[in-house]
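The following blocks contain the structures, represented as structure tokens.
Shared between the two complexes below is chain A, which has chain B as its partner in the first and chain C in the second.
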Partner chain A sequence: MTALIILSLLGILVLMMGLFHLKNKVLILIIPVLIAGIFLNANEYGLNASYFSQMVHFDNFAISFSSLLILTTTLIFGLCLQQYKTSKKPVEDIYALIIFSLVGAICMVSFNNLIMFILGLEIMSVPLYVLAGSNRENVLSNEASLKYFLMGAFASAIVIFGMTLIFGATNSFQLDEIRNAVSGTKMPGVLQVGILLFIGGSLFKAAAVPFHFWAPDVYQGSPTVITAFMATVVKTAAFAGLFRFMMVAFQDISGLWVNILVIITIATLFLANFSALSQTDFKRLMAYSGISHAGYMLIAILVLNMNAADALFFYSVSYSLATIVAFGIFLTMKNATGEYSLEIFKGLSRKNPFLAFGLVIAFLSLAGIPPLAGFFGKYFIFTSAIKGGFLTVVIIAIINTMIGAYYYLKVLNMAFTKDVYHSAPVKNHLLLDAVIVFAAIGTLILGFFPGLLQGFI
Partner chain B sequence: MILTTFYILSAIAIVCALMVVLSKNPVHSVLYLVTCFFAFSGHYILMNAQFLAVVNIIVYAGAIMVLFLFVVMMLNLNKQNQLDKSNVARLASVIGAGALLLIIVASVKSAELDILGVTQLGELGTVQAIGKELFSTYLLPFEISSVLLFSAIVGAILLGKKEI
Partner chain C sequence: MISLSLLLLILPLVFSVITGFLSGKNARASAMAGALINLVVAGYAFTQFEANTSYQFAFLSDWIPSIRAKFHIGIDGINLLLILLTNLLLPVIIYTVKHEDSNRSGLYYGLILFMQFALLGVFMALDALLYYIFWELALIPIYLILLGFSSQPDFKTFVKFFIYTLAGSLFMFIAILYVYIKAPGGNFSIDNFYNNHLSEQEQVWVFLGFFIAYAIKIPIIPFHTWQPDTYTKASTPGTMLLSGVMLKMGTFSLLRWLLPVAPLALATVTPVVIILCIIGIVYGSIIAIRQKNIKTLFAYSSLAHVGLISAGVFALNADGFNGALIQMFNHGIIIVGLFLIAEIIYTRTETYHISELGGIRNEAPTLAFTFLIIILASVALPLTNGFVGEFLLLNGVFQYNQWMAVVGGTTVILSATYMLRMYQRTMLGLDRDYTKTILDLGTVEKIMVLGLVLIIIVTGIWPSILLDPIKPAVENLLNIIKIVQ
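Showing the complex of A and B:
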């Protein structure tokens, strides 16, 4: 709860800093406050407290995930300096919107009342619609913003419609009261439709098939740091929110929706991995990679027990860290060459061994190769799924992991065996390097000591 | 009496909603939408939610729809410059929307009214009752929605401001 208040105030403060034309110096304020926010948030671990007539409930699940969200945002602010250092326009409003979006994401993982969920979803989305189009000279950015806004508004409407049907069936927005209401014998048909509409709308934000069509275009058009934010914070928040809702309210009646989620999971895995094979643009590749990771995270929602919650948390951490490393390296290379294609990584090992090493860690972790964090993320999810009785889904997911390894290794192959593509000098930035080093070391440590994050939730 | 009013209002709402989609002229669409909102307000009054009815008229039928009308008129959308959709896309959307309609109608039909919790709302819809709820039980959503509105304002300025 403290983090929620601090971050809301920080957003307003950052916006007011625009008065002094500090530009990127405002990061000196933002990053320490966010780090303080992580510690203050982690301080509430184990308190299990509800606030404001049980509108939000900061149990260990909420605390863990909101700490992860704040950490991810802090790392993304580290990338912001590289993106906006030459910007002549003020950047404070962009930074403030990122912080507001984070506030929404925290509401989404800590809600105990569906009103808070939908408010969190909207607070997270509305700044993102704007941020996607914040590069106004770029036509692709404008297109991304419009596309994201129209489809996102539609998805929100579907979530709200689902919520009203759930309310109609259970007469409450409060999660525990919904749980009590559905555990009775009578199950009205509107409840099932409501749950399905709710899942559909939430999966839109997480970009799972068949609600993924926006993702490649929006990821490609948005400014790179915003893409990184969407790929990590938004995806984590959407999954954590959906998991929390299903876990608390509908665990007892999983028969109503589990078959549909199985189909969605399998479709997501296959479609994303096969589409990713032919991508040549880095951001589109990351979009399809993100969709495929949504497929793995969906398995945790299928299983829906405390084991799966732990696995989902570990997976989110490993996925966020690796994605941030990848985007950080891409940002450096893009600023040096001015291009977006995968070709810019050619010959990276000779040009800049440091970045090449970071790329190896990030992509091997995303591909799920031991002993990196990504491998254990997948391992925990798969073991919890096998215990939960979803052996077929796990086998399909393992096949997809192998398909996925191809396109990750293809990029690494470019970086290590091909000739140098572009001779432009690569300027390393201290803050960006720090972010890459931190996230890469995090990935390594979690790979060697995966027990560190076990049993957190 | 209430039932007759309900059927009349529902008929108006459904016909107007259909006309919003079917009419060729976008200005007509917006006007039908305004009528549709008035019919909804009538429903709210039937359910004893006076505050919601008035707010619906002031905010939606009043402010937002007038804004909408201005935008439609300024963009001059009257010209027939819509892109033709392919027949496959049309067929797919008809099937998809039809299936959704079928499912929703079937589920609502099978729902029993007592489960839906339709009770006499009594004093629940008055300004006083809503104000009490808003500032006690729903205080946090009420406050946090200011973050939503604030970020929407900041976003509008960010997209709309002139280059400095």
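Showing the complex of A and C:
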């Protein structure tokens, strides 16, 4: 809760500092405050406090996920310097919007009342609509913004419609009261419709099939750091929020919607992985890769127990860390060459072995090759699913892991080929290096000692 | 006192990291030092090893408490020879790395040592999850070695290799998870996996999951299609790692994990598997006869030899098991010797093509002589180590089924055909353009080649130094399988 307040204040402060044309110097303020935010947030671990007449509830689940969200955002601010260091325009508004969006994401993982969820969803989304179009001279960026806004507005409307139906069936917005209302008695049919609409709208933010069509275009058009933000923070928040709602309110009646979710999961996995195979643009590749990871995370929502919560948390951490490394390296290469295709990685191992090594760690972790964090993310999800009786889904997911390995290796292959794409020197900022080192080492450590992040929830 | 097995495992990792930061000659020196130090430790462990069934020099500690996975490694009769083999071959492999690419050589040597770390982990792991991690971990360095340092880098070939082996491993992963969840102990320890109390039907599925992974890695027909291309296109150190040590991961795992974990399935599946292995022997040998490139020829000969090793394993008797373990060691020594000679010839003539070579004996008698001994070991001439292994293996297969032994025994005749024919055409006859000025072995080359030849002859004349330590473990393994059956 402290973190929520501090971050809101920070956002307003950064916005006002735009008056002084400090540009990237505001990062000196932002990053330490965010790091302090992580610690203040983690400090509330175990308190289980509720605020605002139980609108939000900071239990261990909320604390763990919000710490992860703040950490991811901090790392993304580390990438911002590389992206905006030569920007002539003010950047404070962009930074402030990112922080506001983070605040929304934190509300989404800590809500205890559906009104709070929708507030969080909107606080997170509205800044993102602006951020997606923040590269104003670029047509693609404008397209991304418009597409994201129209589709996102639809999705919000669908979530709200689902909420009203749930309210109609249970007579409450409060999660525990909904739980009490649905257990035992026979439920009206609108409840099922309401739940499905709610799931659909949330999956839009998480970019799962069949609500994924916006993702490749929006990822491609948005500025790279914003893409990284969408791929990590937004996805994590959407999944954690959905999981929380389902777990607390509807764990007892999962039979109502589980079959449809199984179909969505399988479709997400296959469609994303097959589409990713033929991508030549890095951001579109990451979009489809992100959709496929949404498929794996959906398995946790199928299982819906404490094991799955733990697994989802671990998966989100490993996915976020690896994705940030990948985007960080891409950002450097893009700045050096000015292009977006996968070809720019060609010969990276000769030009900059350090970055090539980071790329290896990031992509093998995303592919789920042991002993990197990504493997244990998948491992925990799969074991919880087998114990929950979803063996078929796990086998399908494992087949998809193989398909996924192909396109991740394709990128690695570029980095290790003999021909060099561009002779321009690859320069990166110390801050970016620090982010890559931190995330890559985190990925390695979690791969060797996955027990470190177990049992937080 | 740190346990020997942990020391053996950690040293390559430490040296790998150190070497990764060096370049040029420093990297080479550091890598060689690491390999030699580990060899000394492994040799010491070998002499201290007592011939019994326990896991010696073991190291056990908690790893992931929430799923009861433990970090448990140790040495017993089953993995002893492979650990020795890995450490023996590493100096040779490091020696064959070319000097040209000196600005990235730290990475190259680092990856090779990292590979050693992963391989030793696979051999020593006594916890199924740990084993699986090392198994997959071994794939990363070898893939990067193939991609970054091959003479003919070819994404299609290498990605086929990677996806193929990864696909196999994932089936094994499902099987491991299944046993972990169903077995009464609820953990990944090897004892729990051996006493899993699964029904026969379940064990057949578990068997298939494990078997696909191993069949691809070994490779057993029809899962071998990745192998010849990968061997030919890889750099020589990469080929040596693949053929000398990495494919033993598969044959070793048959004995360590597959048979004792799914013994009830054996009655159903063994006939099919043995027939596949025998087909591999004949198929590999016949194709080898037609090869024009030395490296491809060795690749197919390797297919035939490991076919026989797997057939011996599935014969399920003491001779088969002993033969398989001995022959894994011998085959590693022989095939690395062959690739080493091929590499030596290549650095002097820049060709692997048999038709372009000839008359090397006239200019380089030592090279020709040592090559002959290695080739004779490969065709299993008595008094070489190849004979001991193949004799035991064929004997084991014979006890299982005489006709299969007859068909499998053709490997000796066929390998003599292609090996001696190749020898005749490259070493004997008149000088060719490529070989007119060929130099004989240098000092370091002599040490390497003669070292391998010495091992070939000593273990050929006196096989009991290898056989005695492993016998109790083999008998114990047979008991485990028989009791459950």
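Convention: the second predicted complex is superposed on the first by the 456 of 457 C-alpha atoms of A that agree within 3 Å, B and C clash if a C-alpha of one lies under 4 Å from a C-alpha of the other, contacts with A are read in each partner's own complex, and residues count from 1 in each chain.
We adopt the following convention: a contact is a pair of C-beta atoms (placed from the backbone, for glycine too) under 8 Å apart; a residue touches a chain by one contact, two chains touch by 3 or more.
Here the structure is a predicted model, which is why all the values come from computation and not from measurement.
*Asks:* On the A-aligned overlay, A:Pro210 touches which partner chain: chain B = first, chain C = second, or both, or neither?
*Replies:* Neither chain B nor chain C is touched by A:Pro210.
*Asks:* For A:Met402, select first, second, both or neither according to whether it touches chain B, chain C, the two together, or no partner.
*Replies:* second
*Asks:* Give one of first, second, both or neither to describe whether A:Pro127 is in contact with chain B, with chain C, with both, or with none.
*Replies:* A:Pro127 contacts chain B only, not chain C.
*Asks:* Touching A:Arg136, do we find chain B (first), chain C (second), both, or neither?
*Replies:* In the superposition, A:Arg136 touches chain B alone.
*Asks:* Output check: A:Gly338 vs chain B and chain C. Expected answer is one of first, second, both, neither. What do you get?
*Replies:* Touch status of A:Gly338: no partner.
*Asks:* Which touches a greater number of chain A residues, chain B or chain C?
*Replies:* B
*Asks:* A:Ile386 contacts which: chain B (first), chain C (second), both, neither?
*Replies:* The second partner, chain C, only.
*Asks:* With both complexes overlaid on chain A, does A:Thr417 touch chain B (first), chain C (second), both or neither?
*Replies:* second
*Asks:* Sort out for me which residues of chain A touch chain B in the complex.
*Replies:* 8, 11-12, 15, 51-53, 55-56, 89-90, 93-94, 96-97, 100-101, 103-104, 107, 113, 115-116, 119, 122-123, 126-127, 129-130, 133-134, 136, 145, 165, 168-169, 171, 186, 188-190, 192-193
*Asks:* Report the residues of chain B in contact with chain A in the complex, numbered from low to high.
*Replies:* Residues 103-104, 106-108, 110-112, 115-117, 136-141, 144-145, 147-148, 150-152, 154-159, 163-164.
*Asks:* In their shared complex, at which residues does chain A touch chain C?
*Replies:* Interface residues on the chain A side: 310, 349-350, 353, 360, 364, 369-371, 375, 382-383, 386-387, 394-395, 398-399, 401-402, 405-406, 409-410, 412-413, 416-418, 449-451, 454-455.
*Asks:* Which stretch or stretches of chain C touch chain A in the complex?
*Replies:* 63-67, 104, 107, 132-133, 136-137, 139-140, 143-144, 147-148, 153, 155, 158-159, 162-163, 166-167, 170, 173-174, 177-178, 180-181
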